[in-house]
Structures are given as C-alpha cells and as structure tokens.
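Quick one: structure below, then a few questions.
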Amino acid sequence: MLSFENDYSEGAHPKILQALTETNLVQQVGYGEDEYSLRAKDKIRAAVGDPDADIFFLIGGTQSNQVVIDGLLHSTEGVIAVTTGHVNVHEAGAIEYTGHKVLTLPAHEGKIDAGELAAYLRDFYADPTYPHMVYPGGVYISHPTEYGTLYSKAELEALHTVCREYAIPLFLDGARLGYGLMSDAADVTLPDIAALCDAFYIGGTKVGALCGEAVVFPRHGAPKRFITHIKQHGAMVAKGRLIGVQFDALFTDSLYFDISRHAIEMAKKLKQGFAERSYSFFIDSPTNQQFVIVSNDTLSKLSENVRYSYWQKYDDTHSVVRFATSWATPPENIDALMALLDEERKNL
Amino acid sequence: MLSFENDYSEGAHPKILQALTETNLVQQVGYGEDEYSLRAKDKIRAAVGDPDADIFFLIGGTQSNQVVIDGLLHSTEGVIAVTTGHVNVHEAGAIEYTGHKVLTLPAHEGKIDAGELAAYLRDFYADPTYPHMVYPGGVYISHPTEYGTLYSKAELEALHTVCREYAIPLFLDGARLGYGLMSDAADVTLPDIAALCDAFYIGGTKVGALCGEAVVFPRHGAPKRFITHIKQHGAMVAKGRLIGVQFDALFTDSLYFDISRHAIEMAKKLKQGFAERSYSFFIDSPTNQQFVIVSNDTLSKLSENVRYSYWQKYDDTHSVVRFATSWATPPENIDALMALLDEERKNL
Amino acid sequence: MLSFENDYSEGAHPKILQALTETNLVQQVGYGEDEYSLRAKDKIRAAVGDPDADIFFLIGGTQSNQVVIDGLLHSTEGVIAVTTGHVNVHEAGAIEYTGHKVLTLPAHEGKIDAGELAAYLRDFYADPTYPHMVYPGGVYISHPTEYGTLYSKAELEALHTVCREYAIPLFLDGARLGYGLMSDAADVTLPDIAALCDAFYIGGTKVGALCGEAVVFPRHGAPKRFITHIKQHGAMVAKGRLIGVQFDALFTDSLYFDISRHAIEMAKKLKQGFAERSYSFFIDSPTNQQFVIVSNDTLSKLSENVRYSYWQKYDDTHSVVRFATSWATPPENIDALMALLDEERKNL
Amino acid sequence: MLSFENDYSEGAHPKILQALTETNLVQQVGYGEDEYSLRAKDKIRAAVGDPDADIFFLIGGTQSNQVVIDGLLHSTEGVIAVTTGHVNVHEAGAIEYTGHKVLTLPAHEGKIDAGELAAYLRDFYADPTYPHMVYPGGVYISHPTEYGTLYSKAELEALHTVCREYAIPLFLDGARLGYGLMSDAADVTLPDIAALCDAFYIGGTKVGALCGEAVVFPRHGAPKRFITHIKQHGAMVAKGRLIGVQFDALFTDSLYFDISRHAIEMAKKLKQGFAERSYSFFIDSPTNQQFVIVSNDTLSKLSENVRYSYWQKYDDTHSVVRFATSWATPPENIDALMALLDEERKNL
C-alpha cells in the first residue's frame, strides 16, 4: 500500500531518532527547562531573527491552536478565521470548548482577504449594539492554508496593518510551515513572519518530527503566565526534552528547511505527473498538498493500492482528492503512483 | 550532577527507541488507528485480563486526568479526591478548567478512606439542599499515591463497593502504576485493578517511555464519543504510532514489569542506605519514591552534587525531601549518593 | 419621545402588578417551589396541552437559550441555527461560553429550511472524518424569527421529521411567542409547538411581564438535574414567586393571548399607515416587528421625536429600520407617528 | 404556617411595589440605561461615598458571585474563600463552572483570618513549583457571613492590607449587607467597605427587593468590558428598569437602612425570646440569622406550625436550626413562635 494520505504517515527523520538516542540517558530537568529545549529555542530565535522571541513547545496542531488562541483572547472575544479554517472545521470545537467563538470570513483559496477583514472590523464597531456581540479579538490564518496556498508578503503586510489598526493579534498556524517556506512560490521568510505576526508556530509533526510544534511569540509577546496556562490545558509535557531534542535537530544544519524542500520537490514531481496525464487540479497549490480531480472509477481502482484523502465531490462522476508528499516521500513512490495511473488508463 | 529529582529525568528505555527506529519508515494511518497502537492495545487487554477494555493513548498525566474525569462526569458533578491528590494540587486547576469541582476528603498517607467516602456520600444526599450543591460524580485515587503508598486489595474493594452503591465511577491514576505493581508490598494486580475500577491509566512517561499513558476503561466503559472528546481537549496525537509503538514495546516480554521491578530494587537499596545511616523516613513508602528527613545543613551541601525534590518543612532544622528511583537508575548512582552522605557526615 | 424601539420599553401589564401586590406578603418557599409558580405551571401545561410537560421559569431570553442549549447538548455537540439567529449574533457568545459551537445554515427570511437541514446532517455523517468535527446536537429556531416571520405548521413538521430522523432535539426560542400565536398568519398553536418541539420557551419579558420566560420540555423531557444545572449557571431565582406570579396572571383568562393580539392589531395599524404613505417594507412581517425602508433624511428628522431600531443600510440614501409594537402600545402613539411622517413629508 | 426559614419568603417592600407601579408605563431604553437605573446608581454612589464607583445591577446572589469573580480573575487564578463560604458549598459549582478553583482556608465563625490568608499567600509563592498550581487571584468574603457574623473594621483593614501586598482584589458578598450595616455590632460603614474592598454587592433580594443585587466596583474598578461579560453569562436583564426602580426606592429616604434595622430589631427580640427560655445558641450572631440549638423532639412538634432552616446535627438528640428575620417580619410572628415554644414545653 502506497500512502499519499497525509504528511504524517511515517515516524521521524532519522537524524531526529539519532539525536533522541544519543541524548537518551543524560539526566535532565523536566517541563521544558532541559538543556536541549533551551538550545533549540536559541536556534529558533536565531532562525526567526528575534532574540526576544518567547518560545514554547507543544505536542500537536489542534492543541497549539487551542492553547495559543485561548491565551491571546479576552473572554469576551472570538477569533476571526476563514470558513474553511482548520479551527472552524476540523478541531471538534476545540476553540469553542475554551469559550471563544470562531468568527468567519469567506475563504479565498483558503485565505483571508485583508479588505474583507477591515470591513468586518469597521462594521462591527459601527453597529451600536456591538457590546452585545462577540468582540473580534484576533485573526487566525494558516500558512500554507488548508488548500496548500500561500500568503504573499504584501498580503501578510496588509493583514498585519489591519490588525495593528484594531490592536488585535495576528496568529499564523504553521503546521506545515516548512513546506510554505521552501515552496518555489514562497514570498515570505521566517523573519518576515516573526515581524508581521504576533504569534505563530513552526510545525514539527508534519515536517519530520515524531511530534511537536514550536510556538513563537515574537518580541516577548507571550500571554501572561503562559506556562501555567499550558499546564491548565493539560498540554504540559513532563519530558520536555522529547520535543526539545527534536527541534534542536531540526534547526541544526538547516535540516528543517532541507527536508521541507524535498517534500516540495516531490510535490512538483507528483503535480507534473498528473498534469502530463491530463488531470486537472482543483486548486493551483505550490506546496506539498496537491488537489487533483479524479474520476470516481479511477479512484475506486486506485484505492486498492493507494491511500489518499478524499476532499469533496467535484461532479457526479468526479471527486477532488488530496495527495500529500512529505519529507519522507521517496521519488519511487511517485513513480509507482504514476505507473498505477497508467495501468488504470489502459484498462479503461 | 546526580539526579533523584523524579522518575522522568532520562529519555526512554533503549528497547523503546529501538522499536521506534525499526518501525520508523513504515507508513501508517494517523490518530491511533495504526497497527502498532492496535497491537499494543491487544497486549494491554491481555495484561489487564479484559478483552472488552476500551483503550486510548494520551500524552501525559495531567492531560489524562483532565480528559478522563471530564469524560466521566456530568456537568453538575465534581470528583472526590484527597486533599493531597495530584488533581487537587499540582495540575494548575486543569479539572476546574473543565468546569468540575474537586471535592476533597482527608488524606491518609495519600489515600482515601472508604468509610469516610461512604460517610461523605451519605451526608451529601441526607442534606435536603443537595440539588444546590456539586454532586459527587466520581472518585479519583492514585496508585501509588503522591506519597508512594499503595492501596491493599481490601481497601480497593471497599472503595469499589461504595462507588457501586452510589453508581459513581472509580478512577485510578496510574502514572507510576508499574512501580506499584512490582513493589514487595503489592497486593493488587493489573486484573484486580481492571475488575475494581471503572477507569485507570497505565503510566508510560514515568515508567520508561518518552511520553504516553494508556487509558483503560474496562468492560467497554469508555464515555460516549471519547475520540471526539479527546480531540476537543487538544489531546489527540496525529502520529498515534508514537505512543502505540512505545506501549507495544513495554508490553512485549514483560518489559514494563521488569523495568518497574528494577526501580523498586533501586528504591530498596536507597532506603536501606539511608536507614543504615540512621536517617528517618517521613512515610514508609514501598515504591520508588522515598521521603527522607534530612537536616538542612546536609541538604545544602548535598545540593551541590545531587538533585532531589523538596517536599516540605519538617522542623526548624530539617526538611522532608523526596528521592525517586526509576527504570533508569543505575546502582552506582545510589552508591555515589551514599558516598556523598558519608563524606558529608565526616565534615560535620 | 415616542418609542417603537422594542417591545420591552414599558414595565408590566397592570394585572401583573396587581397580582404581585395582592400576593406580596404571603410567605412562600423559594427557588420556584412557591404555590404561584406551581399554579402557573399547571396553567401552562393546560395551555400547551401536555400534562407531562416539565416547566422552569428563567429570567431572560439569552439566559434561557444558554441554559437550555447547554442542558440539551452533549459536550461534543454544537447547535444548528441560521446565520441571523439570535444565538449566533446578539448574545455575546453566550453559547460558545458554555463550550458549544453554533453551526450555521443560511437564513430564509430568518428561517431554517428543512431540506437544507437534512442535507447538512446527511453530509456531516457522510464525511468519514466527522469524529474530528463538532457533532450537530440540536436545532435552534425562533418563532417569530428575528425578522418577525413565522414558521408554517408544515415547515415545523418538516423540521420535526428531520430532527427525529437524526435523534436531535428541536428547540424553539419563543421570546415573542405570543405575537407569533396571535398573528393573522399564525398557522401553529401552542399545542402544535409542544407536539413538534423538544423544548421551547414562552416569552414573558417581551410580552407584558417585568421579566421571565417559561421554559417548557414536553413529555417529561427536561435534561438531567436541570435544577442544579440552572443553579450552576447562576440562573436560579431565590424569589421564584416573582416569575410564578407573573405567569400565573398571564395564563389567567387568556391575558397572554389578549395582550399579544393587541400588539398585532397595533402592528397592522402601523403597517397600514406606512403603506398608505407609500413606504416599502424590507420584509413582509405578520407580527409585531415591522421593517420599513426609510430615507436617511426622514430618519434624521424623525429621530428627534421617535425611537426606533436601526437595522441595516438599504442603499446610499435609505435604511432599514424596525418599528416594534407591544402589548403596551396605545393607538394614539401610532397616530402620532403618522402625523410626524406627514409633517415631515410636507417639509421636504 | 409561620416562616422563619429565610429572609426571602415575602415579595417586596410596599414602597418598591409602589415605585414599580408609578413608573410602569413610562417608556425607557433597555439593558440598564434607563433613567431609574441611572438615578439609583447615583444614589448608591453617594451612599458608598465614591463618585467614581462603577455599578451594575444583577438579578441574584449566586449570579453576582459568579459574574464578578469570573470577571476579576485571570484564567489561571482561583478565589480564596473559607470552607463554609457560599461559593464553596451552596452554589452548585457556579465558580468552577467558569473555570476557577475555590481555594479554601479554615472558617472562624464563617470568617477568614488575615494572618492565615497572609501565610497561605506567602507559602504559595515560596513553593518553587507554584506555576504548576492555581494562582490565588482574589479573596471572597461575605458580610454578614453564612453564620450571621460580622467583620470588624480592623479585620477588614487587615484583609485589605494583605490583598494590597499581593495585588489581588478583595470581594465582599453583601447579599445581606443591610443587616450587617444596621447590626448593633456593626463596626464598618458602607464607605468603609467601598474604601477597603475592590468589589462588593449590596443585596436586594434578601433585603426587601423582588430581586436584584447592586454590584459595586469602587474607583472605576470594573473589569474590562463588564457589560459584555454580563451578557455572555446570560445575566443581562432586558428591562433593566426592574432592578433600577427597586434600588432607586431602596436608596431613597434611607429605606434600605430602615428596613434592615427592623430585621435586626426582630432578630434581637427572637434571640431574647429563645434566651429567656434557656435555649443555647450555636453561634453568637449579631444579625438577622439566629442559630439555635433545639431538641429534636421540640423541632418535630414545631415543624407542624413553623418553617426554619435545618443547619446541622448538634448531638444525638439536638440539632442546630436557623431562624431568620427580615424587613418583613412582624413582631407578632415572634410572639407566636414563642407561644408555640411555651406550649411545647408544657407538653413535654
């Protein structure tokens, strides 16, 4: 079985396992105060270009979104996101569980439009009954988005400007940040993100780690008592070294960026393969998630040998499915996928 | 620096790292449906003697307590625990964060007394204003307790009987369960616990894993939609294999029990060493946590070379400190500690 | 100043004040167990045609929506409402505060469409990732809606059928229920509502009471320990008699219905007045809220003597404003409003 | 049936009903912006001696405690109260429902001891693991307490000093404040309370109103967006005039104080009556709640004609019961109670 179902089908990059093995028996204090975590944070501060960044390691993406958003917002506030945003759809109400409404704006290939955001905020405060409504208290974006698309630097600056005007934080979900940064279409760098966002996280789970996300609050911007806040949400890891060692490895010798670039190369190869076989794409994604329109007949055969993510119905005889590459995808897997497509075509 | 500060100062047992390495590139589905997790659950079902047990893997202890208790209780209910219970003191209000009160009973060497529990429940329903109070909706115990002590089978049966009478679940926090099961004083087995409790977890973080706790609901007793509940609490791990592989290793060839016994042997050696040097113990703990009364002068010197946990003031010149052994403690470390004590004595 | 701003600008119907005065010094027990509350509940049971209805008195509308919805839903569930629904817009996130997402469907003149509801529910369960999403756990409708519109019996039956199919409760917000029942367009009766809904409330605050809503769960359908649930939400009234006496008066000699009919008569007079003066209506409302399109110039003048609710921009020179009548509106007030409109026209 | 069960057995003081009747048909805006509410707030500001006090009207006591405490605390914080505090026992977990732990100190006749409070706070910050625990974020006291007792000015100053030292708010639950202020033992005035507390409320429900509590934050100390916070908790009253008119009446011509003094006079008469009949008191209460030790035989007979509150078991043959007087208690009721006691004694 060949899996393109997601970018977390394998374990970890071998260098991470090696680092875990090498440090295994060194005694360390718990709760993220170990030397590996401290060292990893220093490396991340260097990479984001902000020596004052507050950094925390959490286990996963939904957890990071929940803990960060609940930390940033006042209790009367909700977070603005696009209707297709992960926090609005695929987190089982983790945001609402913490008492905050997800306020939705239309998605433009997964992205929020700065003009629409500005209009939303202007209209909110123009309505004299606004104290009876949920205050817009922050903006959630993902980069890459759920559709693999990317914000341009101009787009990010425009969002930043609107957020500054209304004094609300801009939070960037970087679960797949490496793939966004290493895309051929990448227009923003890690320091750009640190400069333009009030909070973001550098995804590890989907970019080569066993688990872990590095939450960054530039400019000493961590919410009050964030350690206790993490603990209260059940998100504190006793052996903080587990994530520290991994990010230490990922941010040594550009590993994070190198393996991300590999996934992009594989995505391009996969995209080219589909294109050469005259498949259409639901969206033009420049990152590791490719959304292909496939006939249901082909899918039915393909699913005997390949795992992919069903995305949505396209028409009565076709579906949109997602193929994801990752740091771990070997080129042979893509060749094998293409061979299956060719074989399938012959049989039709 | 020699650390007896806790039982999570090292990484993982080498067999766990080996299993993670061997399985690393095998593609698996996410969210705990991977074959390693499924296999680990089967092995745990066999070990607890309940083929119908529902099993879920979570990352850590506070998270497990929070997610399980919030899953078991109705919104009008609180959980009964001793005043010294971990959920009442050291979890930053993680239980209250989910809306539930921790209802406290006196601690007897860290344990709840079945008679006092019965009296509490009887008195609650005897007060006609009880609908204006928090309903006692479950009982939380830890085994070993925060003080390293153990419930006897008779004590556990008595708690079970009271819980049955009031139809409330009995939940056992087994963060250090291995050390409780392998103690010379152990009177209850894993199947006993499964028979007498409605929920419990088998701790991994403190017993040789990088992370992970196996939450067990015997007799298909998982709360409704527990998967979604986990997700909503931000506690779902994308690469569920991370915990699955570890518990698969721990429950292969008795590894979990063997390494737990090692910690107990080390604790006995440590206890004997202190006793031979005429130290007194704050409590007679039969497990891997030893609570020793040490003069502040000695502690002050010791702390240059040794890490331990300060527990509480004993008198004006002495303190209670905790020394913990673990699966990873080499006998040489205890010898070294004793040598330091002897040296210190000479200098006095 | 003439107010058509809302239907809660005055105190209470004089018969209510009289009843409060007459019963004032009779000693009663608290928390809704007083004889007036018990008697009022009996009268409401008779009026809704369900001797098994569970009835609770709460203070206000947002509180009722919050307490009822949180009582009906499982923690993994959200409530379905139209985008314009009161719970989605004007309750400051009171639903999300209790941990539940408001899941939105398009509004059709303020109403939910049974076909769209069925499609939503079918699609939800058709998506294999649904355990990672918020479960649809109930349906919230208002009758009359925020736009003064009414469900027909056929529409309500269709919603009922869909809810039955998916075993989720149908909850009707009846903050203005009297005005819905006494409209010329009324197609459903109180017993119809009790038969077709799993929960609803009979609004008092906007229909002649000082405060108070009567929450009805037909067929002994109250959520578990609802009294404690109310208390926990801070919604328990010590002097329950305050609401009991009022509903006792409202459901004596058809007072609730008579005063509601008065408001409808006044709304018809107001509507006719505007129509005769060639005003257009934003929506054709058959109840006590009338949505009129008025030029901004006229509004500007009018606002010196009249209070109304600004609803939304219509075009660059016109706005939609709401005029509400109530049990308390004297016909003279409408005559006075029309005189002001005529005078204004002359000046243009 | 004669009721001494509580101080909310009757409706409202006649002057309140009269004010509601007189203002009934005057049109007013909603949500507490009506002229009666504004006027009442001015009068309360004058009475508390703080022209900068922020004032909000809520419906009841548990609601006020919940909304105020949740408004004052950070999410990582709990509120300190005595074990017998209303928030800890009789509010069905309303505080924990909002995510905050109630941190308990011993009760001294219902009161918190400033020295014990200081020690608690000092010990909390002395424990290096405190970021893993619930922060003490405020102090809750009641005046009179649950046992009818009062803080002296020196005691209140001492609490104030400790709270200032740790920069946490002192919140006084004044559900029965009038009875505390007019007691012969009263040592603190309303301006004293405003000077020494960061938040408090002046109880209406138990002191002559149909409903309503006036929440006061001296020195513009209201939490951020408190109006929205109230709405989110379902505690906003549409017809705010209902409470405004009542407090306007209560703070006109000293009504609040005069009717409170009446209750105190009645309590003294009742206390004297019991004392003359050689009854013992469980506690020496100087306010309107009297806790008498009565034989179970007598109680059994008495309960045919009298309602009281059972408080607790005293010994095998006696109970502690509470008799409460109020603004509404006529002296004849106490005479009648005494006659019943005398009659009962004859029969023994």
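Lettered A, B, C and D in written order, each chain numbered from 1.
Quick note on the criterion: a residue touches a chain if its C-beta (ideal position, glycine included) is under 8 Å from a C-beta of that chain, and two chains touch if they have at least 3 such contacts.
Nothing here was measured: the structure is a model prediction, and the numbers come from that model.
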| query | Where the centre means the average of the CA atoms, what chain is farthest from chain D? | reply | A
| request: Using the touch rule from the top, work out which pair, C-D or B-C, shares more C-beta pairs. | output: C-D
| When the C-alpha atoms of chain C and chain D are each averaged to a single point, how far apart are the two points in Å? | 34
| said: Nearest whole angstrom, what separates the Cα centre of chain B from the Cα centre of chain C? | reply: 51
| note | Listed in rising order, chain D residues that touch 2 or more other chains are 75-76, 91-93, 97, 131-132, 228, 231-232, 236
| query | Hey, which residues of chain A end up touching chain B in the complex? | reply | 1-3, 5-6, 8-12, 14, 17, 20-21, 23-30, 59-63, 65-67, 91-94, 97, 205-206, 210-211, 228, 231-239, 241-242, 307, 328
| Quick one: in the complex, what on chain B touches chain C? | 31, 70, 74-76, 131-132, 135, 224-225, 227-229, 231-232, 236
| said: Show me the residue ranges of chain A that touch chain C in the complex, using the header's touch definition. | reply: 75-76, 78, 89-93, 96-97, 99-102, 128-129, 131-134, 310
